[in-house]
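The following block contains the structure, expressed as structure tokens.
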């Protein structure tokens, strides 16, 4: 399938300063298991950051804090707004969280209904909702899928539609959990091209080190609930001892 | 298992396909009610209803015999009605003997039995056609329009969405069980009934847990997109002129059928 | 065929009279209305995704089978299990959705008779299953599981009994034949139901007991359910031999009430006699028949008018 690199017309809202600020985040699960031990990070507008680490490092737990599904001790700021229980609806419009399993993300019978869910629940009028759905599907290059039944789609198609379901909310920050997991090479290549084109601040958790190398200039490494590295991808990937110590491999 | 194992919709650009789903659902129900109202032995009305059905088949572009081919699905249930052959008083048609008892089939009984079968046969075909020309999500919208409570239509929508996903899991569990259901020569295999029941129950329990945890993740996904307890839907079906005309026509046809049934 | 058609309790259209179908719809709609208002209060935000996925679970679980004897296999209907695990009201809503999709999408069960099917397989099974299970609420685990098995078996039998009664009152089946036949067949099917329900429940209790809706009912609400479930079960146990023993008495009652007109082959004549059932040949029924005719003509005129207006 030929790949076309068309300039993406999708544009997230204007945000000044840091899109994401996390200050000293601690979290323990109800069963006592301590998952985050003082995590801090900052993302500026336009940053594309990879989040890597072994299983159990706390990556998914961290992500669930960034739109308020989990609440720990510490501060989370999205585009200057402090995340509290009262402004969750506003935060969730700004943070687009895409889960690992697209079957969990696509819960409506048709693609249209799924992509429309976000803007509809934001209270937008019908005409706006439709416009947003069209724009989001366009951004992921799946306009022709609008009336398709969700359960008919392949894994790769579902993953791209899942991204569309959060894009329709016009978020400032896109967070993806293992986007390339389970994809065949062609679908993976399509996804990589899509992520490359989207002009939106991104934090992507992944085990796919080649993806990290190709798409993300900056990498954050987590292990055992802590941030153990945060810097240029090229530098981090050079240090093989470091990588092995934290359950990673050089691509 | 292919993802369209549970699909009954056949995509076409026919007149029926383009009708509002409310109209199709209503006409189907009116047709079935009409059949229920027809007295036994109303042959003229039954044939008229059948012609209506065949016309609908043709209009759907799915082939004149589309519903006919699938219509035998309810046949086994006919057994339950077999007793009317003998118990309805009337002129005896013929008698036979089974295990020292005499059974007499009466004319009224025969009429009742055949009429039950015909009513059922006609009704099930219309129901088959309904889902062949209406996408199921649109049918759910029709139910919403027809004032079925939102909580029920939403559960049905979720059920439809995850039907394939969960039954696929079941089939994988069943296949895994089968792969481990070996037998060595000379030994009777299979385990006792209780053990088999326990395995089946474990599969069901396993499936339940996975489903429960899946619903938690779905809930998180809904939260992430702004869900806060109330579900909003866009339900953009507008009745066009032809929808009203078709409904009116269907009512006339049903009325004529009922009149024919009284002769 | 992937999805096995026609299970013995799914009544197709044409086998129940319109009167019985309507009565069952009225009962079903009332109970469902109650169930909806009750679930809105208890489960909160999570109820929609939970019940939705659980409905798919029940549907899928109905495909899990195990060979019982000589080519037959045990299956799960799921009414008791759904009610025990999700609570009675949520269980009813879930089962209703399953039965609705089975009827709509797969023609497993009719559309006009769906009210009866929901009542038999969704509402009564949940009530009996939950009610009897709750009666053992304070007992040990093995007693609870044993009672759950009995509850599941009885739930199936109650559904079968109701189905038989509906078929008889519709003039489709003879009472003396349909009750022993249905109850006999379902006594066996009920064993399969009991076995799978118990072992699934045991599995859940062992792995995630916190998921069971045991704490959701108040003590008083629980007692009501035990009462209802027990009452229905009692009716099943007493009624079945009674029905086989003296069918004539029951037939007479039913004929007096106007349900059965075994002597007439056309019980519902509207035209040319211009009468309505249950009212007999009086002036009132004649007038009513005329009114109905006018309403039908009026409806056609309105629809055509709407069609013309929509075009304009």
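Note that the chains are named A, B and C in the order they appear, and that numbering of residues resets to 1 at the start of each chain.
To be clear about the criterion, a contact is a pair of C-beta atoms (placed from the backbone, for glycine too) under 8 Å apart; a residue touches a chain by one contact, two chains touch by 3 or more.
The shown structure was predicted, so the numbers you read here are calculated from the model rather than taken from an experiment.
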{"item": "Innermost chain, where centres are averages of C-alpha coordinates", "value": "B"}
{"item": "Farthest chain (mean CA position) relative to subunit A", "value": "C"}
{"item": "CA centroid of subunit B to CA centroid of subunit C, Å", "value": "16"}
{"item": "Inter-centroid spacing, subunit C versus subunit A (mean Cα positions, whole Å)", "value": "46"}
{"item": "Centre-of-Cα separation between subunit B and subunit A, whole angstrom", "value": "42"}
{"item": "Residues within subunit A bordering two or more other chains", "value": "107"}
{"item": "Junction residues of subunit C - those touching two or more other chains", "value": "49, 52"}
{"item": "Subunit B residues counted as touching two or more neighbouring chains", "value": "136, 157-158, 160-163, 165, 214, 218, 222, 227-228"}
{"item": "Residues of subunit C defined as touching subunit B within the complex", "value": "2-3, 5-6, 10-18, 21, 32-33, 36, 39-40, 44-57, 59-61, 63-69, 74, 76, 81, 85, 93-94, 96-98, 100-101, 103-107, 110-112, 167, 171-174, 177-178, 181-182, 192, 195-204, 207-208, 211, 262-263, 265-272, 296, 299-300, 303-304, 306-308, 310-311"}
{"item": "Complex contacts: residues of subunit B adjacent to subunit A", "value": "3-4, 135-137, 140, 157-158, 160-165, 214, 217-218, 220-228, 232-234, 236"}
{"item": "Subunit B partner contacts - residues on subunit A that touch it in the complex", "value": "64, 67, 69, 89, 92-93, 95-97, 99, 101, 103-110, 113, 116-118, 120-122, 126, 129, 149-152, 165-166, 169"}
{"item": "Of subunit B, residues touching subunit C in the complex", "value": "1, 5-6, 8, 28-29, 32-33, 35-37, 39-41, 73-74, 76-77, 80-81, 83-84, 86-90, 108, 111-112, 116-124, 127-128, 130-131, 136, 139, 149, 151-152, 154-163, 165-167, 169-171, 173-174, 190, 193-194, 196-209, 211-212, 214-216, 218-219, 222, 227-229, 231, 239-245, 247-248, 251-252, 255, 258-259, 262"}
